Amino acid sequence: MNGRDLRKNTGLLLFWLGISLLALGLPWKLSISWIRIFAMIYLFIYWASAWNLIGGMAGEINFLHPLFIGAGAYTSTLLYLQAGISPWLGMLLGGVIAVALGLAIGWICYRSGLPHLSFALICLGFAHIGEIIALEWDLLGGSRGLVIRPAPGFVHMQFQSVTGYYYMGLIMAAFMVGLCWYIGRSKLGYYLKAIKHNETAASAIGIDTVRFRLLALSISAFFCAMGGTFYAQLVLYIDPHSAVSIVAVISMILFCAIGGFGTVWGPVVGTLLLMPVGEILRLYFMTGIHLIVYGVVVILVILLTPHGLVPWFKNAFRKKAKDSSYSPG
Amino acid sequence: MLLSVNNVTAGYGGVPILKKVSLEVDEGEWVAVIGGNGAGKSTLFKVVSGLIKPKSGAVFLEETELTAISSHEIVNLGVIQVPEGRMLFPRMNVKENLLLGGRNQRAREHVSTNLERVYHLFPILEKRETQEAGTLSGGEQQMLATARGLMAMPRILLLDEPSLGLSPILVTEIFRSLTELNRKGMTILLVEQNVVVSLRSSHRAYVLENGAIVMNGTSRDLMKDERTKRAYLGV
Amino acid sequence: MVDTVIVLQAVMQGLMLGAIYGLIGLGITMVYAITGLLNFAHGDFMAMAMYLCLALYRHFRIDPYLSMLLAIPLLFVMGILVYHFLFRRVLKAELLMVVQLTLGMVFIIESTLLLSFTADYESVPNFLHAMKFTLGPLSTTGSYLATFFVGGGVGGALYWILQKTDLGRQIRAIAQNKEAAALMGIHTGRIQMIVFAMGIALLGLSGSLTTSILTMEPYMGLELTLFAFIVFVMGGVGNFLGTLLAGYLLGVADAMGSLFVGGHLGAMVPYGLFVLMLLLRPQGILGAR
């Protein structure tokens, strides 16, 4: 390992150390509302990364996630309200239900070899149906939604102060990003990229596209559902509009687009860039302005960097490295 | 010099298919570009017709730089391509295909005259006037594609692999019509894998190998050349 | 058993509305066939047209049918601008990015509508709305008749343009073989822009016609888009006549859903039909073209 590599590695190490200290220490410097906002941001990083697995990496226009998130949120909340079951358990159960949903829908769709658009439409349709079911089914509280009474306690997955949610969100986000990084380098990631690039060619060389897509979808569904539980516990109120939200999944896709589909850091960059501003706008001004800002930013980013910011940075970095690299002779 | 290709380097993505290719076609000449599969012949035509821009180099039609203008303007100047694989409009009938061929600015006024002319040259097309192009036989499709090109009143006709998929009899027939047209003054740039037929009907030829011109001269000389004979004529 | 007259009434209503669904789907069809674009903001343009009628009615008492004369050219120009500045540059980008671009527009348009108007449900009457027409035991309002005839008429006019005019021939050429079309000297970029703008202008027409029939709310765009895409796919992805037919079919399915199931679930009937169709006959009603 020569001098340059050593310097580069120590540099990276210090960078990560710095970031981690910053993230860990932030709650000391922020107001309550800001800690809360960051908890939401971490949740969205978590969700966006989970979506990125099946959307960005596998190249699907997948809108099923409102169903997964809703499954997680409603399962854990109902179990808690009706049977007093700890949301930690409910969270896992919600994940299982979400996976079941994903497998069912995915199996039908993937096996039919549907073109991207038809698949996207079916997903949108199912997301709609999910929202309608939540609205009409009294057990789920209908349009009134479900309210969780504050009862702080770890067993209830409720924290005394918002800081608890902050750290939980941080852990979840870090975990998800790490998982995506791992999957990206694994065989599954390799197959997904092949499928994204050219599905017919991939299956022609013997890759079981249905199996791998279902696997990625299941992972995505499971973790998204868990995020739904976290959301329910953070806000202490869920209704069809917020838990089975198409706007939310579009936002997630948007963050991934800005950062770069299929990249590990894309969802992080995209979310961190937009959500803080968006949340301020949403909370202190009128609802809706933040969406306009999201829309404008994503359009600008797409026009200027057709593959997203992370690939663009990598490219710029590579060019700089080439320019300044030592070449013999 | 009617058409000149000057040091054109072109390709897709980072890979250059054509490497510093230069050739020229004079008014009334029939020039052939021969070479095997993947040599870059279709890419050459794509550059001339303005479908892709070269990385370096330029193409000129007399004084006008074709590589600086868009493909529809190139067509309006009379540079007409009969593309590889015919590329007919499959769900339109013969007449509609021909009408589309003749809609550019130069040919627009003379559609009925030109239609008569191509029907005279290829009578079978008139018989099949209302038949969908996709249902024609291979030979008929090539005739239609060529006729469609002629409807555009070309100053120079670019033919991309007209013999592809045709029986020897049909190839002879097509080339007979083309020779007739050339004799009457039509400038032709032909790109072909069928070396014998190309060298027999053209005045001059270039040999394109792996994206570069490796030989050129009169067709007669090339036919006698040992290298061509070995490489392409299987002698 | 449900009264046959009521069923027939619903079928008739469905067919009439279906004429408009066909037009909306046609906008998607033409744009996709010529540019390969999937515009998820399609329905939002129609929402904009409808809200324009609302604004003009509220402030100036202008009948939506009159506003149509403004909405159509306005939306055409909007289509030109959107295509020229946005879509033209992303035609070669990856599909997910193009979809995201249009979703970005969805956010912008829907939020702007929400902020300019309110989240309330709205509807705008037109002068035909109050008129009742009877055909035997069936009756309908003028608005429905208007949508049927205008919708059908415009559909027919579009068909005529495509088949009998030079512009139509150019459009079909690009749809069948874009490269060959360029070799014919067709200015493919310009035609693509015109077709896109035409699709958006069609939404100006559809929106103005249905202000008294469809309920308006700021988020209606995405649902309309979804519906339009369903019509497009069921119609065979690029099949002109198939799309029109699918529009009628879905209109009737929608009417049947409201009649027999009702409420939110009833609105799901067309989607159910769509999923069924995809699984049983994926090539669409008349097959792909």
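Note that the chains take the letters A, B and C in the order they are written out, and that residue 1 is the start of every chain.
Heads up, the rule we're going with is that a contact is a pair of C-beta atoms (placed from the backbone, for glycine too) under 8 Å apart; a residue touches a chain by one contact, two chains touch by 3 or more.
These numbers were taken from a predicted model, which means no experiment stands behind them.
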| item | value |
| --- | --- |
| Any chain that touches chain C and chain B | none |
| Chain at the geometric heart of the assembly (C-alpha centres) | C |
| Chain B-chain C separation of Cα centroids, rounded to whole Å | 43 |
| Intercentroid distance (Cα basis), chain C paired with chain A, Å | 33 |
| Inter-centroid spacing, chain B versus chain A (mean Cα positions, whole Å) | 53 |
| Residue numbers on chain C that touch chain A, as the complex places them | 38, 86, 89-90, 93-97, 99-101, 103-108, 110-112, 114-115, 222-223, 226, 229-230, 233, 237, 263-265, 267-268, 271, 274-275, 278-279, 282 |
| In the complex, chain A residues that touch chain C | 55-56, 59, 61, 108, 112, 114-118, 120-122, 124-125, 128-129, 132, 135-136, 246, 250, 253-254, 257, 261, 286-289, 291-292, 294-299, 302-303, 306-308 |
| Contact set on chain B toward chain C in their complex | 49-51, 70-72, 75-76, 80-81, 83, 87-92, 96, 99-101, 103-105, 148, 152 |
| Residues of chain C that touch chain B when the two form their complex | 166, 169-170, 172-173, 176-177, 179-188, 289 |
